[in-house]
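Here's a structure for you.
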Amino acid sequence: MSLNIENVEKQYKILATGTLINALNGVTISLENGQTLGIVGESGCGKSTLARVISGLEKPTVGKITWEGGEIADKAKNHLRPLRSRVQLVFQDPYSSLDPRQQIGAAISEVLTVHKLVSKNSVQTRVEELLSIVGLTSDLKNRYPHQLSGGQRQRVSIARALASEPDLLILDEPVSALDVSVRAEVMNLLIDLRAKYGLTYIFISHDLAMVRYVSDVIAVMYLGKIVEFGSWDQIIERPLHPYTRALIAAMPDHSIIGNPETLSKTLQGEVPDPANLPTGCAFHARCPIAVSECSTRVPHLLEISPKHYVACPEVSK
Amino acid sequence: MSTSLLSVENLAISTIQDPRILINDVTFEIHEGEAVGVVGESGSGKTLTALSILGLLPRGVAVTEGSIKYDGIDLNSISPEEIRKIRGSDISMVYQDPMTALNPVMKLGKQLREVIESHEKVDSNTDQRVRDALMEVGIPDVARAMESYPHEFSGGMRQRVMIAMALILSPKLLIADEPTTALDVTIQQQILALVAEERRKRNMSMLWITHDLGVVANLVDRLIVMYAGRIVEAGTVKEIFANPQHPYTYGLLSSLPTTADKDRKRLTSIAGVPQKPWLVGQSCSFAPRCFKATPECSNTIPQLVGTLEKSVSCFHPIEATK
Amino acid sequence: MARKEARTKGGLHYYLQSTSGIIGAILVFVMVIGALCSAFGWLPHDPLNQNVNDILKGPSGKFWFGTDQFGRDIFSRTLDGLRRSLTVSVVAVSIAAFVGVTLGILGGYLGRWFDMLITRLSDVIFAFPAILLALAIVSSLGNSWVDTALSIAIVYTPIFIRVARGPVLAVKEMDYIKVSRILGYSSPRILIKHILPNVTAPIVVQTALSLSWAILTESGLSFLGLGTQPPDASLGLMVSDAQSLAAFAWWTLLFPSLFITIVVVGLNLVGDGLRDAWDPARRSS
């Protein structure tokens, strides 16, 4: 019931040239409370745009996004504030996510003060509480971001997001910019927090393995549309859309060793320009099973098996 | 046993002013036709190792110990002019960011010509060689590409051009520093396939630097794992992935999920953050984060012990299970 | 990339390491003392007082910088003119800074047509050479010191718009600003608490530099006969008068020009020192 994204489109207009960039071309998703939605895709698929639109940073050009019935849109900001704090976003870059001039304790307490979430006397206690929830010691309160490691900074960003007591947390590539040996710790933290607080997550990444590890349902996006949607095991065990299959085949996999074949089934071509969308199915030019109709016919998501949707008529035959 | 092409022995690199050790006691070999991967995180020293081979260390950083021998010649002791001759023609390099590695104001055709011009005499064949090189790396519409600028191409295409530039003089050794890290996964696969094919065709040696274990799994023959400026484990790719003996390698492999995992078991994490090489001192570089560490580990530097197939630098290596 | 922010205490520490900054500060300090003396009337002679018997006398115990063609004490007139120049400049730059920084920040933050309007406007003003524009404005406004200050303010507003706008544009795209918006922070809070601090350092540097240019402009205007009118003392006017006298009364030219130079160079050096203190990218270390 909770999150409903209905036919959302988002276009950006470049003022100088008048070109229209089609970042989102009709996205519809429903998410239940407590579920984790994983969104996977490559550049130009629109996953980060979707994150911005769901969080209310930007308004969709077409379509509606509602959270528990209330519409999230960039309108009257004042009445928006209560809704806004219930949907939070954690960004990829731990360096630019924190104000370099603000001590991290202050960054977290600012959230509490602005939203009057605790009494003045309890602010510092709550800050220390939040820091310990994300695995940081309270002596870091007075440090500046540049004095912390990337992993610690990401934890601060998570603590700050949690401070506003959100129901929905959008995580846009939360570990991609971190050192490899640090990623598992932050991932496990996110999983523990979810269990403890019953949070709903939207986990966005280009790393299908990470997405699968943490998600209940996965949406595969290509050029502003969802091409396949299903549970975490359906998508990996029985990928149906040719793009999903190509993505899985392309994922570097250290459990398959010494098999040069993995490099042979490559997907040809490149992602088309979002300012110049192809006709029909956006994937048809690169698709190994495309037929002539694919260049004129726009595919829609069809339910192939229970709760498993694919936007490819060729597959549903 | 194929001949040794590149031999690095006890290499140490430090900053010059305010001396800080960045790499310590690095020893490895690359044979003819062999591909070696170097895996490590930030601060591991993998990029500096690659740069030092071609004498491209940044200002303020220098080799303080050890030798780098290419075909028997110590690259540290020859003149700059002689190194220049080797660069591009014997040993070539491909970088991570093609946008900064390619000259943004020079047409691509001209940049490729320049590689040839700086090493050989230009003749009537040169243009054709350039066109062939672009075609070989899969650039469509070569004629147009010759007249284009880097910004007109996508990241994947620019990377192909960089590879063309690196291969045009048929080097014996190709050094690649994370050339696919910034690319989309499907484009990365294309580039890796291209590189693997070129390597096979030319029987070329390769040194591939990356932080991504998955990328090297099917690309290289042997692997070197670096941590905080030291080699912690080395050996064939099969051996290392099947029997990781160093706790760092082992920890890394268990902390990364793959799509081939049968179930979603909890990832085991490695506590702490990557160590800075100059703070290691007389100790195993991984000791502070190691679940097997004993007091001995913090007092003595472990040596790299083993064979070409597998060697580990650890006082308590994990038992081989297979 | 994380920037190591030098907080005020740290900034002062760095400033004191800059030789040019220290020299500049001393020069400016001396000049300000001189101007204050004039403001409080602590001058050896009345700047307007003409001594018929002491026309064009060289420097002496009585008249430290000598006298001019009307027998007026050049030392007192120099300090008085300095006071005028500094007053006009400080007022002018204050107006320019206030208006310019406000417009720059708003333009950078709000963007779109508002930003375009402001930048085009400032481009137009920028296109004119400073002195010419100041000349044109002053001749249409009037000769009072307020008119002079206003014309200089108009001429120097665009640079403040530009200097304030740059950091705002850079910071606006940072993730932590986006986070602030998602956290529901009001725009005024974001502007003042998170964006403005990035602007203060360049603005302070620019203020010092603009003050030096403003003094030069004011001197230039009065040299040309606009701005301060006789018999009031003005450094530019004194230099203008000295043109015909310098051949046989070198003191009439030397001292006013010297003071203009000292205050302009001093302020420039202070600007350099501030830039070194607050802009880590420019530090030589």
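Lettered A, B and C in written order, each chain numbered from 1.
In the analysis below, a contact is a pair of C-beta atoms (placed from the backbone, for glycine too) under 8 Å apart; a residue touches a chain by one contact, two chains touch by 3 or more.
Nothing here was measured: the structure is a model prediction, and the numbers come from that model.
Of all chains, B has its CA centroid at the greatest distance from the CA centroid of chain C. In this view the innermost chain, defined by its CA centroid being closest to the centroid of all protein CA atoms, is A. Here the spacing of chain A and chain C, counted between their Cα centres, is 51 Å. Rounded to whole angstrom, the centroid-to-centroid distance between chain B and chain C, based on C-alpha atoms, equals 55 Å. Per-chain Cα centroids separate chain A from chain B by 32 Å.
Those residues of chain A that touch chain C in the shared complex are 15, 52, 55-57, 77, 80-82, 84-85, 87-89, 91, 93, 95-102, 110-111, 114-115, 144-146, 157, 160, 164. Every residue of chain A that touches chain B in the complex is listed here, in rising order: 42-43, 149, 151-152, 179-185, 187-188, 191, 206, 208-210, 212-213, 232, 236, 246-260, 262-264, 266-268, 270-271.
Listing the residues of chain B that touch chain A in their complex gives 41-42, 154, 156-157, 184-190, 192-193, 196, 211-215, 217-219, 237-238, 241-242, 248, 251-253, 255-261, 264, 266-271, 273-274, 289.
Residue ranges on chain C touching chain A, taken from their complex, read 1-5, 112, 174-176, 178-179, 181-187, 189, 194, 197-198.
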